């Protein structure tokens, strides 16, 4: 693991997610750009001191020198955005598979370059857009793809948070500080941190692509350097349209990611606050409540569930699904086999490039006087 | 009553709403522009045949000739949009108070002219934006006005319907036919029929005014003549912003009007599907569930409730609240008294003018290449 | 109307319910056993002073003397329980149809005598068990009767209230005072006031009858004279079983009446807090959300609805359904016709007798050391 | 681990729960009473073959011979009920800490004997009543204990399942087969499998003890050998009362464990289907929504949470909380320290004895003609 030392939120989440299905063992780390802190974190995590490194460069170099049977196979990179590209590139080029936190890079240019690296390296790459790991999100995608709703016409996605309602970055809150700092986050705040999640969710579930955007991007809290609120009108492929909202100043909101898709014959709705339920709505018959763990679900939902219906699975299990599916692909790769389609269903480099394109397009649109901008990659 | 003959939906709703609190008696009507149909409807409604008229002109003329003690006092006008202005003007100018269905007129120009008529006539005027009649919507407005949420920053309103997902106007559906006919509805479809409702709800609850708009207006169903779907970015007074969505092609949706308002310290949420609940959310303490009928509510919510907590009141009672409050103002007018503030809390000519301005602005924005248009009245 | 003077809760509810569908006109009343108060209430209600009476006896006597075309047709009796039997009997015997508030009488003996009176009088009789007036409760009954759930095995009903959590009857609260006074209420408090409602709901929806009971009946609040809490195990016809709970000391609860029925193949659930929804659950497919106003509902649900799906109807409309259906039967009676089955679907004398039997059986069981008592009528 | 070989449901759950917080490593197992199956399961789980044993006796004997630094420290026992007592006793007596699945033993007599063994062994013992591991259940217990609701008066618990609505044990379903077999499960079916869970939940959250019971225990499905449905009236210490229902024939239900507690001033409600929410209700102010992860929660809830509010934690995390807290106590034991109060908050031998007493008392009551039986241990 690169990054994720003591005090980091998402690093701990990655480690739990990796452990849940017993497909990974944490064997080495460069947990901080501060060598002392990295060592200290390694001790807490019970690692062999010899495999706690002072930098990601050292990690990659030293691990590569280890015999193949001992060497780390998959490197998780959970640093702030500005330290995504370089370690990922180095890891891939040195033969390691990579799991990387989102958004993928600091800029779209980096993203496109990384895409080339992934392709030339032949290594596997996973980007942790957690929400697509939920079984009922996978069911939603399958349901839309089945055509039962007819042609998709309208998609709404939203990600309301309230935790940045105050000038939190001035209080020493580490999570707030780097996310609102253009040097660490890039050109976008809320749009990069959570907008990319719902952008990805929209394209994943609907099977459509954003083609044009018109964005209202705001900095609501005085003194903040990056956007903390935005709403975006979307034109989608297939003549559909959509609305994406993402905000960090909806005081009192937690993380209630939500998607609604409407086709000619019906619609569907999923939200994180009731993550094990997928509502299917129909023009002329009762709405249906589809539930995690049920026997009538697709193989994709079933593959990503561990417990019977009614025993809720949550965010950590959704995260674990990404790790587990990625592991199954790594295993297949080692064995020279083709993974199952269900295993291949995790976000990768393509989603990462489009996510970075979203950031650049949405910020450009926010600044533009022109109504519609083509979504360009 | 003018309009609202057999087969009309909203006419029957108006009559129930007027009856609930025993403040009105239906005494006369011109229920259809077809004299035979009007008579027939009058018979069904048990009216004295002498007071069922062949046209609104006749109604106003003949009723005016009756002694004051017999004459109708309040005329409800529930015709399609293109027959709003003329009968309302005639009624007001002849000394009758008017309750009018929304949207107020066929055009903004008519609306502004009507405003002058209302002012010069000295008669009372109510526009039936039903959703502001719900007790918890009134509570929401009072709560925002109290300042407890701090300055308002963001408002989301939505009105998703699915009943026009198909080309219903081709099937002889009367409700669909006039609503999608530019000659009867005006320049807008969904934006006029339901967009005005949530526009009004937004301004009513937030206490803010829309200042700029950027709209994506669509005709989704092939062959339809007016918009059936739209999403609008909004700039609001007080440096706030908002998003308004209204659609009639969200297959499987009923009428789940919803509003969310976020201020510096918290937010609130109300939706018609759980109409007796107002959620109040806070940055740093538990969310609260405020309920119709509870003793802790403001005088505005209490005034608009008939039953104890837990016995749900619904759409008809919300509608009845408009009629009841209007009646209290008519009574006060008769007695030469000042009505209670709670009685005065019903939508009127000002809301009607702004609603028509919304329609013209939003359709203009939908056609414009320019991103933000000033909201002009 | 007999009873229901100023300050009474349920009298006003009856009047609204009767008005909603324009089938009734209030023409006379004996609103209080105090002649002055009765007159005063009559003035407030706008009645002709000559038809506001000093007693129910006077009302019945004088109205009977009026020409048939002027005379009241249906008498609503909304007094406390101890003044149910005598006016109802007198009214029926003098040729008036009666709508009576629940529970039907002061004792089972009275109930059985009243049954004879109803039968011999040939007049129509309605008992206002409001909850069976909800369209989705009617749908629930039809659904069970259709056999789609298979044989019913288990039924749960509950009625939790919190308003008697304190010794409210000592504070001058009129509603609390008579309900907790054995002289006015009879032998039961909560079991009579709300237990009878859910008993009726259980038998109505399930189509089964209670055959044995085992009750835990409690007086929780110090000083109270009648039960304010109870839980009852039930054996039902058809080898099913059930649980009924009714309490007035569930602090913080409103009036969330709820029923769940389980058969061999699935179950259903309805609760007043979401009154326009009926959940249908299946062993092996997604649960379904059935909604008031939808086109797929039975004629019984459709008959009892006024607005399109998504515009909530509530408690007053449920109450109005009883009045409306009863009026349709009165009209059919006048015309010598057979009412529609949907019109006949209102609670009557049989439900009233069983309700009173419930009260006597449940109180007896509460006092008994024996586990199961046969439910006797 | 003893039990939990391939095909077992709960064994896999235990392993995930143990892994989540990185406090355990699976080092040995006797996964089946069939030596071959045990070996095969060990291979799948990646264990060293030398530590996969043919029986629990062998496991305990061989592990004890290993040097302390290599030897297993905590043994998880996840066998059917009839194989709980013997391995647990043997493990404790040989110096191992034990985590045991519920219900604790085959009979109350065994339970009491095991209590003595735990006490004399000085080893730690955890019984996996999962539902008390949920953070909001812990908050509920703390909230009641704080006295804010006043004296507790009424408690309702329910556990509705539908998965045994058919004669599933005849279809080869392994989970159904042992649970309905008196030789493996003991004298109770549903009451042992899920009734004990809600019995434990009731006593845990309310802080009260059951003192008398009156049970209706049924075998609903033809051919079944043990109860699949029951409802129980309860008298509780402190003059409170309660109702417990547990059923496996509520067709269409999943595992929606629910508890409601009412005191003099308010009530609380928690249910597994919305596990991250605790509703607090008040007599005279708005209900509150308390949420997992929030800063206002008690140290007990905070201690048992891993993610920020709005990222749902579920059943596996609740289960993991038991394992984690137990591990913290084992660590404290090793270090000779006193564990934190939050770490000590896991179910143990006392809860196990009372759970077995519940089973014996409830089955006795089900067969008794006497209404109330004293709850005896």
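For reference, chains read A, B, C and D in written order, and residue numbers begin at 1 within each chain.
Everything below uses one rule, namely that a contact is a pair of C-beta atoms (placed from the backbone, for glycine too) under 8 Å apart; a residue touches a chain by one contact, two chains touch by 3 or more.
Being a predicted model, the structure only gives us computed values, none of them experimental.
Novice: Higher C-beta contact count, B-C or A-B?
Specialist: A-B
Novice: Among B-C, B-D or A-C, which pair gives essentially the same interface as A-D, with more than half of the residue-number contact pairs in common?
Specialist: Selected from B-C, B-D or A-C as the counterpart of A-D: B-C.
Novice: Calculate how many whole Å lie between the centre of subunit A and the centre of subunit C, each centre taken as the average of the chain's C-alpha atoms.
Specialist: Each chain's C-alpha centroid was found; their separation is 55 Å.
Novice: CA centre of subunit A versus CA centre of subunit B: separation in Å?
Specialist: 43
Novice: Could you grab the centroid distance between subunit B and subunit C? Build each centroid from C-alpha atoms only and quote it in angstrom.
Specialist: 35
Novice: Can you list the residues of subunit D that touch 2 or more other chains?
Specialist: Within subunit D, the residues that touch at least two other chains are 253, 280, 287, 291.
Novice: Please give the residue numbers of subunit D that touch subunit C in the complex, ascending.
Specialist: 149-150, 153-154, 156, 160, 162, 165-166, 214, 216, 218, 220, 229, 231, 233, 235, 241, 243, 245, 247, 249-253, 260, 262-267, 280-283, 287, 368-372
Novice: Spell out the part of subunit C that touches subunit B in their complex, as residue ranges.
Specialist: 9, 12-13, 15-16, 19-22, 45-46, 161, 163, 253-256, 272-275, 291, 293, 306-317
Novice: Note which residues of subunit C are touching subunit A in the complex, please.
Specialist: Touching subunit A from subunit C are residues 279-280, 284-291, 294-296.
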